[in-house]
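In the two complexes below, chain A is the common chain; its partner is chain B in one and chain C in the other.
== the complex of A and B ==
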């Protein structure tokens, strides 16, 4: 403060104190931004650079020097069958979880939005999995899906030979042989091991992912639905749109376009990051059927200290995520509304 | 939606939603129920929701208090006989230092949030309300950093932290989260809406820019800050990925999810009860807070949608 007074005293013209104050603001601004900028560089930008550099080496923690091996790590990722399985498992997970959790989220949002009563009740329940620690709930699902003492299989077994079997075997539908249905054959033989079975493991992990994510998508869609002007429905009615499906197809869905782009992006990015369920339940198995990228990074780079290779997987992962993000930006700029 | 729905279709909607709700609730039901049952009841799927609460002998307690080779005394057996619910919840704290994990969790989560605010707020204020050379460049940097998924920087961060010997420490758990570009972005957008007159008035009153941030802007930003707090606390209390990497061996720095994960390592049937009790203890605080302030929470969590 005394500096400023001194400046005013010394210079009789009007502009000087203003300039002094301006340059003081400059310095304060830099001071305010400095911690954030420093941390952005050290914590966000430098690591990406580090990962990119290490991905061309066979570095392990403890090595004295970097040993360049060119693009060999990448060749392994895309060339060796166990890592092709990794890419496949990750992609399959994303391709299942994204559409199903979005479909369920949208469905729940539409139903809840059209209810006269209790809509808050369902909203709260469907949002519960989003709040709960995924690791904890994964372990609960693990226990519930335990082949012998698990709640799910025990109750499925209870249904065998009762009306439940009759209904779930779909033998009451024309042209369906109930005895050959999934439920009846499982009753006769044994119910799946779920996460211990290579045919079911990925689907089970996907199921937990969907269970956890769809409430989040539902909330985003509910927010999107409040933005659909009611006049559009009136206009559609005047134009002869009568049934609910046409109303959805012609009005609601197009108006939800921006929400959908957004929901797809965020769900896809999150699905690429799946880790908790895999680490806690399957550890990538059985037969690498759930060997997703995040788990591969964890196992290779941190457990087995193959840092160079893990870095290459990290860069591939980053590539996937950036492709999704830029696709979203592109779509948003091109056509937010259909 | 538009249109009138008949009672029939209304009932159908409820039916569909209730089936969905049952599936959503199922693991919570299992968790709570198993946290109250005896190992035998868990094995045989009996006892209903609460279990029969028949007193049972805690063999672990007997073993721990009897010198090896000696026969357990009658009083000991009596004092080690508990109802399953007590066995499970006491076991949760006994078999692992759960209290320590919980305190770690609170400490780490709170530290992360406080540091994030401490760093983001001045920067957001400068970006929103101060004119300086390079402001657009800084804002571009923030927008660029928003694109970086934290999962992609975990491995290099782990290497950097282990190079400076910080793995297995509170610092390792906290440092990567000290910068929240999302927080900067969010607060900047909010500060843009604060009228300039308010800041000018504060300046005329002789307040320094520093105290304007903390005494004028911070109180204005409480609603946005609340949403950000919920977002940050939920994310870091529940986080498992980073703690799993940052704390490799030292149990003193375990966060609650890491502590819970340890139960799965030794998977003899007896620990299911205490394990589910631990899960319940970890999950309950946020669930209760959510049920009490649903709107705020949904707002805060969906903010992360922008991330």
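== the complex of A and C ==
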């Protein structure tokens, strides 16, 4: 465009036509952008806008009309106990899965990075859960966690009365009564139902979430580690850094800052979106203990056809994700790029 | 302050030999420059001295104490890297502080948050602050203390790197091409500054560079390395005037030394082409030799003069002096360095005669070893 403008400017004796030509070219440039802008509006912005509008109504799919009910949907979300449970389950899931999967991912990446051999082997192993379809894997977990025939409880039961129980009951530690420990009481009584028990269901779902997410974080950290300049480690050695912890604190961790911000954002957003394990294993139960937002949207808007209410949950969900993204973009990013 | 002894250091990466038994005795307080073309092993040698690389053979001792099995952090030497290797997330003050934090604080005192409640923490930190302030004052970077390395210019980063090295008064300074990332003007300036720093600190400096001008201007002694071998260790003026190896003669000096093929006849007289070099004799008789002549020992004269006839193919005027590139009639090209007034007489395209000053001609045998059996007779 600038080239053509330059050509036109060189043409002599064209005062007014020149300006006209320039503005025409500007219009043409917008015309070229139009398909992209249109698509962006139709596919990205309009649906969000529609959802936002519908969230103030009681609309159901197929209805000819809708009633405006103001902020009633939002009042239900933040007021009624089952939806408070939803917010709590989602928040708890994110707060557990994000730090643990990032810690494990970083740890695995550091270990693999220090290996001279077999590192590809470990990378492949840890990355397997990421590649596998989570829905299919959820079925495997369903079998494994079955209270009676699942191999988790079967194996736990095998340990009862053996050295495994002695070790896992922690009776060998001072001031610990082994008989009161989780393992011993479970042996005497019964092992948990895992996904069927309201006290264990969310933790189990979190465990599967971590199992699935940390391989991905590991790969991101491995990529981040390749970008740490070797000379900084040498400078650290010369400066008197003797142990791995100081080296990590002085060089590795600060240099991984941008990676960490990215990993935290991605993992947090993905954790907010947890759905397939919940749908396959618990359907939000028992007693709404695993009733996460994505599942609530699915249940309300799709199963029960309460599109208006589902839209309201979606908007709340979108709010959470936007908060994370903006925090990353405007607060944290500034502090990790040097 | 310490003497550093390097004994028969060997190093190979896989099947490639990088160092083939290098030995140097570096005296206490000496400024020694390891110089050589890239890939000659000088940086590897420096890293072995630092303890960042393990040698395959030989040993290093500092203050007459073997350090081969000491980790880099225990050798008490400082290093300035080519890329400066400053911690980008730390301010200038924190960067300079790091070596002191690592050495003076215990592991518990270094812990984040908790560390400051450990006994003695405050006194040590006050001492560190004093030392850091002193160093930044010496280097004139006091105003930059709160900036991050990313906000500094190349020269400033360089100074911070030097500050981080000198803050803990190490036994020796190692510098790995510290000036090569600076622009030409700043490089000349920093050259003088580092030499001055050495005079003030009176500490052993081991400095690696591929730039022979840096080597010549800064060093007490220059160690010329090539292909993993140490060719010569001597004062800059001796390395220039009395190179023991033709490779040293060729590497040191700009423009490069002129090498001419010559013969020694039965009586010891030396001929280049068909001309006898008057007044110059060699004890090794009846052999082919190579005659090295520095550009300033090679002058152009009128075409009728006694010497090697040539044609000037190019000249470069540097203001105070001029370089003349001449094609010899017997084949080969030489460079002559003369006062720029010579430009009045000689310019590109002229025929002329090359006259060699026999007093300053260097003789080498066919293998490139210096022939010391040069006998001068008054011409």
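In the analysis below, the second predicted complex is superposed on the first by the 293 of 338 C-alpha atoms of A that agree within 3 Å, B and C clash if a C-alpha of one lies under 4 Å from a C-alpha of the other, contacts with A are read in each partner's own complex, and residues count from 1 in each chain.
In this section, contacts are C-beta pairs under 8 Å (C-beta built on N, C-alpha and C of every residue); 3 or more make two chains touch, one makes a residue touch a chain.
Note that the coordinates shown come from a computational prediction; the quantities given were computed from them, not determined experimentally.
Superposition note: with chain A as the common reference, chain B and chain C can be accommodated side by side.
For chain A, the partner touching the most residues, choosing from chain B and chain C, is B. In the overlay built on the shared chain, the residue A:310 is in contact with chain B alone; chain C does not reach it.
Within the superposed three-chain model, A:257 lies in touch with chain C and out of touch with chain B [touch as defined at top].
When the shared chain is aligned, chain B comes close enough to touch A:125, but chain C does not.
Residue contacts after overlaying the shared chain place A:273 against chain B, while chain C stays out of touching range. After overlaying the two complexes on the shared chain, residue contacts for A:238 are found with chain C alone; chain B is out of touch. Touch criterion met: A:137 reaches chain B, while chain C stays clear of it.
In the superposition on chain A, contact is made by A:246 with chain C only, not with chain B. Once both structures are fitted on chain A, no C-alpha atom of chain B lies closer than 9 Å to one of chain C.
Comparing which residues of chain A touch chain B with which touch chain C, the overlap comprises 234, 236-237.
Those residues of chain C whose C-beta lies close enough to touch chain A in the complex are 47, 50-52, 71-74, 77-79, 81, 83, 85-90, 98-99, 102-103, 107, 110, 112, 148-150, 164.
For chain B in complex with chain A, the touching residues are 1-3, 5, 10, 13-14, 16-17, 20-21, 23-28, 30-31, 34, 42-45, 119-120, 122-123, 125-127, 130-133, 135, 138, 141-142, 145, 147-149, 151-160, 162, 175-176, 178-179, 181, 184, 206, 209-210, 213, 234, 237-238, 240-241, 244-245, 248, 256-257, 260-261, 263-264, 269, 272, 275-276, 279, 282-283, 286-287, 290-291, 294, 297-298, 301-302, 305, 307. Within the complex formed with chain C, the chain A residues making contact are 229, 231-232, 234-243, 246, 249-251, 254-255, 257, 338. Touching chain B in their complex are the following residues of chain A: 1, 22, 25-26, 28-33, 35-37, 39-40, 43-48, 50-51, 54, 61, 104, 108, 110-116, 118, 120, 122-137, 139-144, 149, 151, 154-155, 211, 215-216, 219-220, 223, 230, 233-234, 236-237, 244, 247, 252, 262-263, 266, 269, 273, 275-276, 279-280, 294, 297-298, 301-302, 307, 310-311, 314, 317-318, 321-322, 325.
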